[in-house]
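Please go over the structures that come below.
The same chain A turns up in both complexes below, where it pairs with chain B and then with chain C.
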Partner chain A sequence: MVSVKAKKLAPTDGMLSRHPAAPAASGWADAARASARDRLAAVGAPQRRDEYWSFTNPARLVSDQPMAAKPLAAQDTPVFGETDALVLTFVDGVFDPAQSDDLAGEGLEIQTLSDALGTDIHWAKDLFGVLEEKGQTPVPRELAMLNTATATQGFVVRATQPVTRPVRFDYIQTSDTSDAVIRSLVKVDAGATLTLLESGTVAARCNTVMEVDIADGGELHHVRVQGRAHDRQVFTAMFARLGRESVYKSFTLAMNGVLSRNEQVVEFTGDDATAHVAGTCVGQGDFHHDDTVFVTHDAVNCESRQVFKKVLKSGATGVFQGKILVKKGAQKTDGYQISQGLLLDDEVNFLAKPELEIYADDVICSHGSTSGGLDATGLFYLLSRGVPREAATNMLVIAFMDEAVQEIADEKLADEMRTHIAGWLDRHSAG
Partner chain B sequence: MTALDEVQLTAKEGVEEETVAAVQSLAGKYKYGWETDIEMEYAPKGLTEDIVRLISEKNNEPEWMLEWRLDAYRRWIKLEEPEWAMVDYPKIDFQDQYYYARPKSMAEKPKSLDEVDPKLLETYKKLGIPLKEQMILAGVEGAENMDTDRKVAVDAVFDSVSVGTTFKDELAKAGVIFCSISEAIQDHPELVKKYLGSVIPASDNYYATLNAAVFSDGSFVYVPEGTKCPMELSTYFRINAENTGQFERTLIIAEKGSYVSYLEGCTAPQRDIAQLHAACVELVLLEDAEIKYSTVQNWFPGDEDGKGGIYNFVTKRADCRGDRSKVMWTQVETGSAVTWKYPSCILRGDDSQGEFYSIAIANNYQQADTGTKMVHLGKRTKSRIVSKGISAGQAQNTYRGLVSMHPRAKESRNYTQCDSLLIGDKCGAHTVPYIEVKNNSSRVEHEATTSKVDDDQLFYCRQRGMDEEEAVALVVNGFCKEVLQALPMEFAMEAQALVAISLEGSVG
Partner chain C sequence: MLEIKNLHVKLEEEDKVILKGVDLTVEAGKVHAIMGPNGSGKSTLSYVLAGRDGYEVTDGSASLLGADILDMEPEERAAEGLFLAFQYPVEIPGVGNMTFLRTAVNAQRKARGEAELTAGEFLKVVREKAKSLKIDAEMLKRPVNVGFSGGEKKRNEILQMAMLEPKMCILDETDSGLDVDAMKLVSDGVNALRDEGRAFLVITHYQRLLDHIKPDVVHIMADGRIVKTGGPELAMEVEQNGYADILAEVA
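Our next item is the complex of A and B:
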């Protein structure tokens, strides 16, 4: 609790010039980009001394050049390979039609971001930069502003009815100096459903933002596996707006990564809606993983859950900053938040700031944050049954991470996550 | 795997009428809102180097003390007010305050309590704080039946000066020094020089720096090695003068193997204009020492429309320097328009312990941003945090805390529990915990109010036909009463009368 001085603005020229202004589009898109540019200039680049960045140093996310990051040689098990999906492939953050399916599907409207932003009359007008701008209070999210100002890659996806075939974003990194900015807009119409999958390393450095609008009774399921290329630097933000009785479920699995900052900004605007935001990660060495979540309840009888589990080893750092804001009148809110760190050895850091801000009285909000080593009793039990130590440890780690995996509604997808986790543990057990 | 921090926040339809009534009864019925009509002497308004010199001169301080103050002042003018707390109040004009006010009759320090202005004695009598020795605290029911040896020594601070300290001689026999800090600077400069600012440096934060520059009085306690202080010590702070800030400084040193229990109480007249109070409390604990520090903070909270009240910006910190030392902060915060206060523990010595028990009640337009910091540096250090926040009316109540396990603090433990209760839909309850864990051998233990209440107790209640919620409420309720009862007798009475609030309904 150190006194905070008025922020001295950090220049944003480098950030902006690194990602030159997007070419002229329609009037509304240009205006949104210009506004983001101005807003960014007004708040300056993020700095370590910002309260909102106190656990994660943003320097590598705002430097002129990304730190070089070697692409991952090859995927051992292709992620989501078993799930039939409409595939959209990005290479170093650039859409590659040759490796992608046609932009069409039943109940789906898909366009590239630039096509949509170039159209004078488009639903994207009510979304592009709108949720991002709204998500700037109470703390500025500078990198999301940068994304609005400069992104040219990405998709606008709209589900007009229940869509059975998921839409899948595959990211492939080939260059070790690539620096990607991707923006996608997702709209789920009333009563429609959509599953969105993401996997792979986007680039050496990436800034990926998604704005999601779920209308009354709509459902969006989002499952993401972040790339295992260890040196990549990642910033992602999801801004979700939820209508009445809608459902938003987002899960992220991260294994490896020197820098990941995943933000979720969720707002309930209609009653009786549900949002589950979950994530689990495992890493060692200079692994640094940050989940920053802000859930705003501005409607009655909504349920939110935040479940984050981090497994940390040999120097790794896990960060969780979570907040449940219950606005005046958002009665009958059920807000839950759990962040847990499993610290496998003594060199690790688990840093958490689980916040509640409540202005309604008829609510149940709870949060828990725990951290510690492996459960000695559990380990002893397994060892006494003849399970080798390594296998026993892995078993307990899997059980720990599974509480987050269980937040995935689709069992098949959840099982696939379990396979990836077990694979990572197998590969790293010797170490 | 154990929990580090958990918060339960619930208020539901079934909040007991009694609870609501008890909270409401606190409103507009501030018992201590009267003022003493007494001739005062003020330093000129505003804060300059000259004022700092004047305060130092009035206290007849040595040169090093003046230098220390000036240093702090020069630092302070360059600082900016912190804005991170979840409190909102009009900007304070630091030049529109008096920094020194004392009753004229105190110009010559009275040599004994008999010489003290009867008006002042009357003031404290009215507050229930008798300054005559051998008297038992007034207003304590059943006092006549109490152990007649039970005494409480009082240091009474009136605006900027200490009016008198009781039982000084008796304490001196035990080797305990209990006096005002201004006297300590005269009589025990070596101790003051050694410890003042060693826990809260003058550069610590905006209000602590301000305090270092202008503190006018406060209490000083020194408990020598191996001594159990023969009676409870207490300081009663009274703000009386208008537009006057109170800046007191308390320094308690507990030598090896000593023990002291210290109580602190405070009230102020009811006025339309907010008044500033910025105190510093430093506790130093050497090996095996133990300090129990209890506060009932009942500054004028402002009226029902949020007019007036005390701005209470307090820095309190205990430094457990010695191995196996133990500090316990207990606070019942019912007053002040704005509270900004985080009694903290630096657990430096191996096996040292810190505890923090807090009940914070905010009603009408009160705002409280309070909590604690537990900094674990030594091996096998333990801390426990129990915080209950109750908000009513338009009030905002924030728990803000830090639990930090440093890499070297192996095998340490922390237990945190914060419960909030909202009464009405216009108030707010917030929690801002910071958790930093940098080693994996620390067992961080936690009992949540919903699911991890003692299983045996729960089982017993369930077996008797209670549903889980009832059972949990019963167990938690019992626990709350325990916290209140942990307060020293005299304070427990006052606190219970003040709080008189059932915490039922705070779990669900």
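Our next item is the complex of A and C:
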């Protein structure tokens, strides 16, 4: 006798009602929001028993109220302070024009999300909720649906030519109970390039989603630092669609964080394109950091790389779930994936779930996952030069994280990441 | 300078004895060479002296300028004046060569109660010493040993030695992977550091390095012991006849 049990849906009313209903926008935007609301009600809130939430408990991301998180004072050395950028500042998840530059730049079109959704921008219409909905198959991403249904903050950014001055989102948290939902749409036109930087703790809890469309020959470079406030609860998702010969490079640095879940959903739709998704994090105690990546090859001769390096200390948990799906006909695919945990003691967890699913016969795909302690030979080398044990350990941690940092194309930005990592390690190694 | 008495060492993880009673005294100002076939224990001796994990000293002693070093941490031995030039220098991505060197130099100075060098002072010294080893600014800026050729790595070892100004320098097969020009450059670097107050222990398979770094004393090591000691002519003998004759003679 076979018994079939339907999944018991977790209610979504609380998730939806905790954010004020978005004010009426254009018909198309309202329809997209209503669709997301219906889709969310149909799948229910994420639960621990869901396959892709088994390593990370979503409870704090779906609860009615965020866990209180104390904001931190501003940093002495602001992240990305060395790079001239068009700065857009959010305070507790709300755009603050007073602390921001004008919404204008050479080769750029920028509007707030609410302005864009109230008008009839055809490319925004083709993007908002569209990539998110497509990215729900085969794995549901309920929190991204929630974002489409409720977000009123964020930007709609279009690069129409190679843009030299990066666009930077600065997130400032001031309230220990803030609960932010931010949605941005990014369009890179054919042959255009854009660098997008993000830094800071968004809010006590945040749900940040970006839909990215890169046209033929376009390039998007995304570098983000996820803030230092330890108690923050973070969900992010990037949905990227890549045209022919386009480039998408996304790098995330996280230091501290009691709960962070970063999803990347990348789809190749044009031939000869490149996507590098990388991240590195370091944390201790109740640090929990989850990278969940899904790359779909649906075009010929595309290259994808996933490089994730997690440094874990005294109780910390690192999670990596990465998938490469090569569809039928996506010949000459070059897919690579590496996830590594550096376990600085015996109390930590590194949980990795690498997956390959391949339906084409002429492809190169490889994946690897390792976990281990500090390199003994490297440690001996440094100690034998008289470098004290603590400093030697930090140097080897930097060396471990550097493989992910090297994925950043801009050498100056990469060096800035190195400086921040070294600074964090200096502050945290004593005791 | 360096005094090793009846040193017995086994691997920690397995019951394998590597050094079976090494006796060796290196005087200040002298260059001693240790030659010997593969597996004789030459590299193990250098690791044990520098304090690498994984070895257990079961008997004997080793002291540097009268201080027992075997109970010291590797970084303490370094501060006491011991330096090991590695056969395979380690790559440290993400850490600039200069940052690494300055950290090492200042940590040692601090451990010895000396004033640390300021960034300016350090830069001046390192530039000068790098120049004689043909190490350019680009190499100093790059991450430690990353993307360096075999010769560049060995030159970088000698630069570290020059900056740290150790009393006792151990060179573990520094000639491996070097072409003739690189060997000359490295040897010149070593010779420039020869000094009344400094001693060298040069570990090598081949005599050719000893053409450039002329030793005062040559030891032959086999099966965990020093089996023969002589002058530079001993190295010539090895070069011509191999180890077989010597080993047969002492067996």
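By our rule, the second predicted complex is superposed on the first by the 423 of 431 C-alpha atoms of A that agree within 3 Å, B and C clash if a C-alpha of one lies under 4 Å from a C-alpha of the other, contacts with A are read in each partner's own complex, and residues count from 1 in each chain.
Please note the rule applied: a contact is a pair of C-beta atoms (placed from the backbone, for glycine too) under 8 Å apart; a residue touches a chain by one contact, two chains touch by 3 or more.
Since the structure is predicted, the reported quantities are computational estimates derived from the model, not experimental observations.
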Assess the superposed three-chain arrangement around chain A: do chain B and chain C clash, or do they fit? fit
Give me the angle at the C-alpha centre of chain A between the C-alpha centres of chain B and chain C, rounded to the nearest 10 degrees. 80
Please indicate which partner A:391 is in contact with in the superposed arrangement: first for chain B, second for chain C, both, or neither. second
Is A:214 contacted by the first partner chain B, the second partner chain C, both or neither? neither
What is the contact status of A:340 with respect to chain B (first) and chain C (second): first, second, both, or neither? first
State whether A:406 touches chain B only (first), chain C only (second), both chains, or neither. second
Per-residue touch tally on chain A - higher for chain B or for chain C: B
Just checking: does A:360 make contact with chain B only, chain C only, both, or neither of them? Give me first, second, both or neither. first
Considering the aligned complexes, could you tell me the closest Cα pair distance between chain B and chain C in angstrom? 12
Following superposition on chain A, which residues of chain A contact chain B and also contact chain C? 375
Complex contacts: residues of chain C adjacent to chain A: 50-54, 73-75, 77-79, 83-84, 86, 89-95, 100, 103-105, 107-108, 111, 143, 160, 164
Which bits of chain A are touching chain C when the two form their complex? 375-378, 380-389, 391-392, 395-396, 398-399, 401-403, 405-406, 418, 421
Write out the stretch or stretches of chain B touching chain A in their complex. 1-13, 15, 79-84, 86, 205-206, 342, 373, 400, 402, 407, 410, 420, 422-444, 446, 448, 450, 508
Mind pulling up the chain A residues that touch chain B in the complex? 1-6, 51, 328-329, 331, 340-375, 400
